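Labels run A, B, C and D following the written order; every chain starts at residue 1.
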Amino acid sequence: MTVAIVGIGHTDFRSTTPDVSFKEQMFEAAMKAYQDAGVNPRKDIGSFITAAEDYWEGYSIFDEFIPDQLGAVLRSVCTISGDGIQALVTGAMQVETGLFDIVAVEAHSKASDMLSFTGIVNHALDPVYNRSMNANPFFIAGLEMRKYLSETKNTREQCAQVVTKNKMNALDNPLAAYPGVMSVDEVMKSKMISDPLSMRDVSPLADGAIVFVLASEKKAKELSNYPIWLKGMSWISETPWLESRDWSDALYARKTAQKAFKMAGITNPQKQLDLVEVDDWFSYKELQHLEAMGVCEKGEAGKLLEQGKFNRDGDLPVNVSGGRLGAGNLLEASSLQSVLECVLQLRGHAGKRQVKDARTAVAQSWRGVPTATGSMVVLGSEK
Amino acid sequence: MSDKMKEVPGVYLRDSELKAPDAIVFKSRPNAKYVWTAGIAYSGYLEAFKNGKIIGRRCRECERIIVPPRMFCEQCFRSTDEWVYVKDTGTINTFSISYLDADANRIEEPILVAVIDLDGASEGIGILHIVGNCAPDDLHIGMKLRAVWKPENERIGCVTDIKFFEPLKED
Amino acid sequence: MSFDKITNPLKLRHLVGDMECDYIYTAGIAGEKFFIALRDEEKFLATPCKKCDITYLPPRMYCEQCFSSLEEYVEVPTGGVVDTFTLTYEDRDGEPLDKPVLVGFIRIENTDGGIIHQLGEVDFDSVKLGMPVVAVFKDKSQRSGGLTDIEYFKPK
Amino acid sequence: MTIKRRVAVIGAGITSFRRRLKETGKELSYHAAKMALDSAEMNLSEIESVVMGTAPDAFDGIHMKSENLLDGAGGTGRPYTRPFVGGGTGVFSPIAGWWHVASGLFDTCLVVAEEKMSPVQPHPQTAFRTIWDPITTRPLNPNLVWIFALEMNRYMKTYNIPKEHIAEVAVKNKGNALDHPSAQLAAKITVDDVLNSETMVWPVQRLDISPPSDGAAALILCSEEVARKYTDAPVWIDGVGWSLDSSYWTNRDLVFPQYVAEAAKMAYKMAKIDDPPKQVSFAEPYDPFTYKELHHMEGLLLAKKGEAPKMTAEGITQRDGKLPICPSGGLLGVGNPIAAAGLMKCCEAFWQLRNEAGKRQVDGAETGVCQAWGDLMQVGTVTVFRR
């Protein structure tokens, strides 16, 4: 692949944004991204892609409402009803075909427009087999967390440490919606949602928009002094049937990592990667994803976390941005938040939280309950 | 289908079978509630409605006045520059006569629907609304209309603060 | 980045609404067979894929791994083991429940699948992973075709 | 613009289209995908990527519905994506499949489109209540047909089109559908039947509208190298185009579908077509309403502005005419499970170009164009197929 990210734009992430519509939010992120890339969307950009889901937005056919504020009227525009990274790789594929030189990719969250988030998640469950129980759909995470912890011998305390680490990391991320100094005890004693999953194990929702400008190799070199290259990419869906799940292994993360690492020539992730942004929709997911990706052995992540290896100054910093737990759960846009962090780090623009000599980074995502869909991109400052 | 393949799969299910007492079916209604943020442009738009006026935005680059207002010009891709009131009169760009309600049920008294190009806005800038005080047969493209507002104390800042548009009698 | 913004919070407007409709879902070809056997005969039917050596429960019309059409339905026990479980404190809308629900994933014997259902006649503290459980069916008169025809799974 | 590599279609599958089918969405997807694989004599194991095309979640009544559907589409354990452009999705999904293969990232892609509109009660229309802007439009309590009637009226008035000419589209398509085994509303009707049918939203009458349906369709896409292994008669995707116009549809002139024209120009440029009426042997423009077929013929530059109705009245667009339009029977005849209906058109192009369309076969089919339309009268998706 020879596609690079040459422009980034974003809003702040906030628990609520009553002052702007999703369109005005997108407009701000798009304006900044085009400015950053030095492109005019009305002339230079061939294709525009948004990641969005109707029920997150409260509109059927949300695709209707995206072109104007992206400068995309009467151009090639589409929605990917999926994760932000799926939209990003769609853009990369479009560039690779030779059809376009420059593509814009957008994802956002206007989660605060939802008054019944849990009810909406419940509506994602299979209507025949999984909706009859009157339980918060996060029971699925409760089931998975118990099985995962029991099989790996990782502990609830270690999951709580993921929360404290990510909120702490978010303190140095000016975009983050949920930075904080939270003790392990404060996580452990928080209200139970679905035992062993407690309230603080769940990432809190936030609003925000992110736009990237992608370009072919030739254009990237013209446009940017610091193009960030997509060196590996992969996205996999595993069975949607909860009844066929393994319940402890994140198979989608295992398979995406194998493929993306192979593409990027990564054979020893711990050594070759300078930072990793993994999905932490739920605290245990960070540990589960790290193990599935092969960053460490199954059952090792909790221990390594305790040893500080995943801290910002550790051997392999994980979720320096704060992840979903610290920066806020931006729904489909959270994976682009992870990519954004990687790009800032690889450009050397991450300010106080800059990881030294960052050259190769990974952003990994999961679409949340009840899915088993995950994506990954490997990014590098060198081609 | 290809002439090589002879059968198309799919088992037709009648409404009566679906609703039979022993049918294996699952019913549900989602809890999917929202509070859509109007944002800058639409908050201004609704505020104007409350005051009995229609407001748009001007883009100084293409010099268009656009309604409904937006904070960005989709043609020039830049921020629009200022608020501009337009008139509450206009011309029918196109119309239709509906014998269906929102759930596709038949209604006796048809609803007259029109896109109304507003006076004072740029050419071709219209809004969707209902037409009243008009016989269906009298409706025509190019017809001049004016807004009929609800009384001030009934206006809440909603497009329905205009009850409907009615034919403008030319004197 | 709009040039103009709103500085008076009282002028910020919102509209409330929903995206709700009533839905009736069919159980499908395999689902209908499964639920009729469950309702009328207190039986679990599964569909084996011989090629992949997977026995699906709930039964499927096709094998999702190799796409073989699955036409043979076999009866399997109405019990299995607790593969994992959780105690849920909130209802499907995220509101607190009067009494938390004990939910398990029960791996059904002789199959590669299972059923997510409530666990009964057992305390949260006494449930163990791997514990054998069996389905308790509702009275025939109360069954309507669906997993709700099972009251819960109880320890064997 | 140099396209990295050519993409072939080597298999197609379809279910029956009906008001309601017993199968779940997954099962419908499976039926279509399996038929497509069988027709290509291919196993699922040879599929490297999967694209799912399906219209709004509010029909099936499942949030993130593509996740729920994926095992039926062969998505388990594979890269699986759902591109979405409203009603345009059916013809857009093979475009997404095209970039999966043309990019060089995958050698094969299974493209499936599914729609189950029947779960919505009391009528699928109810799910359309939520497609509107909640600030400017929803308070007016609109019905979806309103806006199409507005567009139709604008089109008729501008070019002075007699309703009789528009009615010919329903007569032709429902008649063509008599030869399509999936068809839901195939019938031998007359222009008078259309003109005398109940008025829904004037000028739209009952027989101007395609029905809501359940159904699924599928295509197998692959690289040239793979295609040669499986068949001597691949069909090529030689042009793709898509375009989305402004959401502010009351600020646009509805008389001409500029978005379709932009998409068509993009696709024709790629396919090196400079005189579409001469170089296109048949077309499957999107026809959820009678006038839309005509509107779209003009958008596809197959007819001059305002002239498609006359061409239709003259019989040029009949299956044995000079430019056959919707030889499948279209949405008006075969049915309208939204995304699946769009992909049905692409399946038709595949069968026509392979000379496998049986009684529906068009003579000398060399190049076929499929097009779909959607959102708020806003999106055009165009694919050019060649033998």
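Everything below uses one rule, namely that contacts are C-beta pairs under 8 Å (C-beta built on N, C-alpha and C of every residue); 3 or more make two chains touch, one makes a residue touch a chain.
Treat the numbers as computed from the prediction; the structure is a model and nothing was measured.
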{"item": "Chain labels contacting subunit C and also subunit D", "value": "A, B"}
{"item": "Chain whose average C-alpha position is farthest from subunit C's own", "value": "B"}
{"item": "A-C compared against B-C, more contacting pairs", "value": "A-C"}
{"item": "Inter-chain centre distance, subunit A versus subunit C - centres from mean C-alpha coordinates, in Å", "value": "28"}
{"item": "Geometric centre distance via CA averages, subunit C-subunit B, whole Å", "value": "41"}
{"item": "Intercentroid distance (Cα basis), subunit B paired with subunit A, Å", "value": "36"}
{"item": "Euclidean distance of C-alpha centroids - subunit A vs subunit D, Å", "value": "33"}
{"item": "Touching two or more other chains - residue numbers and ranges from subunit D", "value": "20-24, 58, 61, 63, 71, 76-77, 119, 122, 126-127, 129-130, 134-135, 246, 248"}
{"item": "Per-residue overlap in subunit B, given as positions that touch at least 2 other chains", "value": "11, 13, 18, 26, 28, 30-38, 40-42, 46, 70-72, 74"}
{"item": "Shared interface positions of subunit C, touching two or more other chains", "value": "1-2, 5-6, 12, 14-17, 19, 21-29, 31-32, 64, 92-93, 146"}
{"item": "Residue numbers on subunit B that touch subunit C, as the complex places them", "value": "11, 13, 18, 22-38, 40-44, 46-47, 71-72, 79-83, 157"}
{"item": "Touch list for subunit A against partner subunit C, complex", "value": "18-20, 24, 27-28, 31-32, 54-55, 58-60, 115-119, 122, 127-139, 142-147, 150, 191-197, 239, 241-244, 247"}
{"item": "Interface residues, subunit D side, partner subunit B - complex", "value": "12, 14-23, 28, 31, 35, 39, 61, 63, 118, 122-123, 125-126, 129, 134-137, 139-143, 145-147, 149-154, 157, 180-182, 198-204, 214-215, 246, 248, 250-254, 347, 351, 354, 356-359"}
{"item": "Residue ranges of subunit D touching subunit C (in the complex, touch as defined)", "value": "20-24, 26-27, 30, 33-34, 37, 43-45, 58, 61, 71-72, 74, 76-77, 119-122, 126-127, 129-130, 134-135, 138"}
{"item": "Touch list for subunit A against partner subunit D, complex", "value": "1, 53-55, 58-61, 63-68, 72-82, 86, 90, 92-94, 96-99, 120-121, 123-124, 126-128, 234-241, 251, 255, 367, 370-371, 373"}
